[in-house]
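Quick heads-up: structures coming right below.
Both complexes below contain subunit A, partnered by subunit B and then by subunit C.
Right after this comes the complex of A and B.
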């Protein structure tokens, strides 16, 4: 870039700087402005993202007991402990179950709602508002209400009773606790994905459907052959957002189940929190942070790779 | 999919939509109505959809049991400061990456983008240690500084950059030719044009801060410094069981302001976020 500084009208400028020209040319001033503009974000990223990421690797090689005030280098011991940790298997399983459940239910319901609201129907804006409204309700407030509703004698079972069904104790059952947490989270945030899908659906040209109609293709066939390929970039985007978001779930677990019953809903972030901030095993907590980071990284890379296969057109 | 429907199909669709709406609307309804019921009526059978004799006792208890007013103010001012700060930081850096050419631009952009790949949960242990060493644990600084400057604002920077790239450059060039400096061009021309993007970023930043839970419970220990999500879970009786009507009253007070703003401005809300998501 500096090359253009010394070239005026295609003629090479003399190697020594022309003293009659001011040092602060508009190009130089512009460069400095650029650096000043990005400075807060760049410094913030270095101090609050990159540095902690390096530190978390460093801490994972140490045994750190805050209560005892000890901090000693233990090499890969924490990583060896991962293999011996009898909880880790069920933690990873719970994390995987939550992610898969969330992605399937969330994307499925979001797409269903978006397709329904994309019909020529009066009052769709009212329904869109209703489906979206939990997004703006405070997360913990929403979770508390569901905790209240899902109790053994709570509102959900009360409603089930009126139709003669004896509901289980949702949050205390090994089989139903994870399902309940997923469902609570889906209703909270499905509106976001629904809105993204709606925007994508409205971008599909109507002529495509008209042509398919002429060819006699059924509605279902049109959905799979036209709609899904045309909105596949949005499906990719929402699935990345949803998967990464699902790995970060914490408040819902802390409020609804505290990881129980047993460890059936102890997801990775909740386990990390327990180890580091409840049991004060900061070194092991740092090691679990790295496990989380590796999973997030691997899934994001994987999804980008898959993009080539199933994203039909890139906008 | 936008074809005219027969009246029968329409009726079926309305039925399906109404049934689907129940789990989205019922919890908020149940939260507000139950908070007005005496504790004995909360679990009555069959469930009462409306309180028989609404009482505000639970709302009064909320303020007696905790410094709830203070906690409300904490959440409010933290979310506002974080929103304004994020807008400033993200607009400046987003503009620079979109519109100004400087050396090392691409590398620096990648350094910042790394924040998108690193969830804040991954760095919570070192961040706690850093703030502990600085003596800033049990203050609001970590809840303000990290969101404004750290990973959460990276998405905002990315969205602002995408928006500034999509703006036509002629206006700015004209302003530059007329002798306007970079900052003046940015603040007088580009920034006013970017109101839709700023609005969307403001909405999701505010919601993110308002909902934060892990960070407050890690960093804060004094009840008068708590934020709302953290405070909500503290209404328990002597045996550690939740005091439901009090919790639900507090939850209602937390949920309602944002919900009311949303109902008034829902078009901007939804479209802003849809816009953001597509750009991101």
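Right after this comes the complex of A and C.
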């Protein structure tokens, strides 16, 4: 922008616009275009992310009795109640168990499937489609079907029975319920990570493997020394998505176990749902959602920082 | 910069609009013009809704100030949660169906409008005809906060074909012999399950989670979930331990009930007997199996009955609260109460006769209506309910989970339940 600077009586006058040039320069037009392009996203983020976040913090400072219609400011009382909540320890333990189980099984299986289906063999496209198809199935429908399969007299135990194994009551055992929920979720979403890994694997230059073979490296060594480092950005991406997703699990718990047996599958999101919507402790529910937000944020930042150690060729 | 100012202006306007919309809700003064009423119900049954709509249309003919009356079915499983979420979101209905287990919360919170005056003043209403026993749960400080719309006793539906095929005496025969008690009922259920490969007896909607349905059993032992004043836990009491020990043996030793994680639908022909409310009779198929409906078996403390109750109240926050209360008075007047009796047993004493109920319940015989419905309503105790029931219920469910194993220590588990819920009861 071209402007003329003048002084009046020794005092610098405010800059005035050079009226000989049009206001809408190409640079300004580009800026406006940019703002307009991101406006819908900004608006969406403001309405559906920032504003709810502010409201949740506001609610967490209040005691809100929906039925009585009272909304009282209680300061940090809800946060102090976290320390007195005898269920919170088991809830965090269940949340951690689910997350670790999901991340290990999901990423491990997705990578294994991607490596297997990356081979140039007949029928790989069919298998890729089969493994990916659960991703597009409705989550609740998927979970309801698995609920029937995992019943004591359900399909899973029926299959085990044919090979002479007396299967457990999957969803009723404290040891098996969490495992069952993890497996149901792994089979639901493993296809998504598998596709991401497949895309990454196909981007690894073939010359690297050829050179390694010439040097006499085994397939396993090639995997650890070439494949894993080359797809490490994708491993980072999938691990962040899976960790965040695992902390937000809800429908599977609500449909399959309702937090039981005991409180063995009561994860944080399900617990905050119970507190807010079933027990009508909306303020405390909001506080628990802040706890969840902090955990997700901390883990994401941690993973992001750790990428410096193990993510290679990051641009 | 103008662009910066423009962006700031848009942001400020948006924030203002959002703030205003966030502050909005159901607190506005009454709307001008005809009212649009909405009533939440748990049933999406076409026959139920057809009858509701017929009564609503009739009401609107004489009330042009009411433009529409909508019956809004919410899923049964999450009914109360959905209703309270609607209230929290500023979308409260004008009238709401309330289950007995959340009655104390709704009645004591002040969420509902007192109804006594409106109902007593309604022309031809006959308020005194309502059985005082059915009003108890819905009153607070001498005021009535919801009309006990449905008082539905629990009975036992029996697949007589299956029992006869298994060589067992039918409950009717046991009743005639004075032997219809839980011991014989469970023995017959276990024997039928063993010979048929199907389930014996199903306590419907229990499924090892909905524990309050077990009150249909433990009341026979004189057990209670908590004391009358709601302050003391009753799960560790000797009567409860005895009742639950009987149940535990029936599940894991006698195999009289399907085990945890196993489902069986009586009405699909998968079980010999089921404990449920008479309103489920509509699930019986005319070309299905031979069936009977009998009262609950006697327990060690003799004959007894358990009822499930639901009330309809007017939300105090409703923009059309007065019109809603007026419609409720019409919906539950003697004429409409008689019509609704075919689905929802009424609290009106004059209508609790076998003859009246038989007119609208063609599938049930007069003696079934007398023994199960009328005697049940007259003598029955209501399923457990307590302030903060949802939280209590969750704690009891979690506490009872260890009981549903073959090697469970019944007494220890029940004591554990009391340890969990006593602090909540004492609040």
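What we mean here is this: the second predicted complex is superposed on the first by the 272 of 315 C-alpha atoms of A that agree within 3 Å, B and C clash if a C-alpha of one lies under 4 Å from a C-alpha of the other, contacts with A are read in each partner's own complex, and residues count from 1 in each chain.
As a convention for this text, a contact is a pair of C-beta atoms (placed from the backbone, for glycine too) under 8 Å apart; a residue touches a chain by one contact, two chains touch by 3 or more.
Bear in mind the structure is a predicted one, so any value in this text is a computation, not a measurement.
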Subunit B versus subunit C as contact partner of A:277, first or second or both or neither: both
Touching A:35, do we find subunit B (first), subunit C (second), both, or neither? both
Just subunit B (first), just subunit C (second), both, or neither: which does A:153 touch? both
Touching partner for A:68 - first (subunit B), second (subunit C), both, neither: second
Touch test for A:295: subunit B only (first), subunit C only (second), both, or neither? neither
Give the label of whichever partner, subunit B or subunit C, reaches more residues of subunit A. B
Between subunit B (first) and subunit C (second), which does A:243 come into contact with in this model arrangement: first, second, both, or neither? neither
Go through the superposed model and pick first if A:262 touches only subunit B, second if only subunit C, both, or neither. second
Going by the contact rule set out at the top, does A:253 touch subunit B (first), subunit C (second), both, or neither? neither
Looking at A:111, would you say it contacts subunit B, subunit C, both, or neither? Reply first, second, both or neither. neither
Please report the subunit A residues shared by its interface with subunit B and its interface with subunit C. 31, 35, 43, 46-47, 51, 55, 153-154, 277, 282
Given the complex with subunit A, which residues does subunit B contribute to the contact? 1-5, 10, 13-14, 16-17, 20-21, 23-28, 30-31, 34, 43, 45-47, 88-90, 92-93, 95-97, 100-103, 105, 108, 111-112, 114-115, 117-119, 121-130, 145-146, 148-151, 153-154, 157, 182-183, 186, 207, 210-211, 213-214, 217-218, 228-230, 232-233, 242, 244, 247-248, 251-252, 254-255, 258-259, 261-263, 266, 269-270, 273-275, 277-278, 280
Looking at the complex, which residues from subunit C come into contact with subunit A? 2-3, 7, 11, 14, 18, 22, 81, 84-85, 87-88, 105-106, 109-111, 208-209, 259-263, 316-317, 388, 390-391, 394, 397-398, 401-402, 404
Once bound in the complex, which stretches of subunit A touch subunit B? 1-2, 29-31, 33-35, 37-38, 40-53, 55-56, 59, 113, 115-121, 123, 127-142, 144-149, 153-155, 158-159, 161-162, 187, 191-192, 195-196, 198-201, 204, 206, 209, 222, 227, 234, 237-238, 241, 244, 247-248, 250-251, 254-255, 269, 272-273, 276-277, 282, 285-286, 289-290, 292-293, 296-297, 300
Along subunit A, where are the residues that touch subunit C in the complex? 23, 28, 31-32, 35, 43, 46-47, 51, 55, 64-69, 150-154, 169-172, 258-263, 274, 277-280, 282
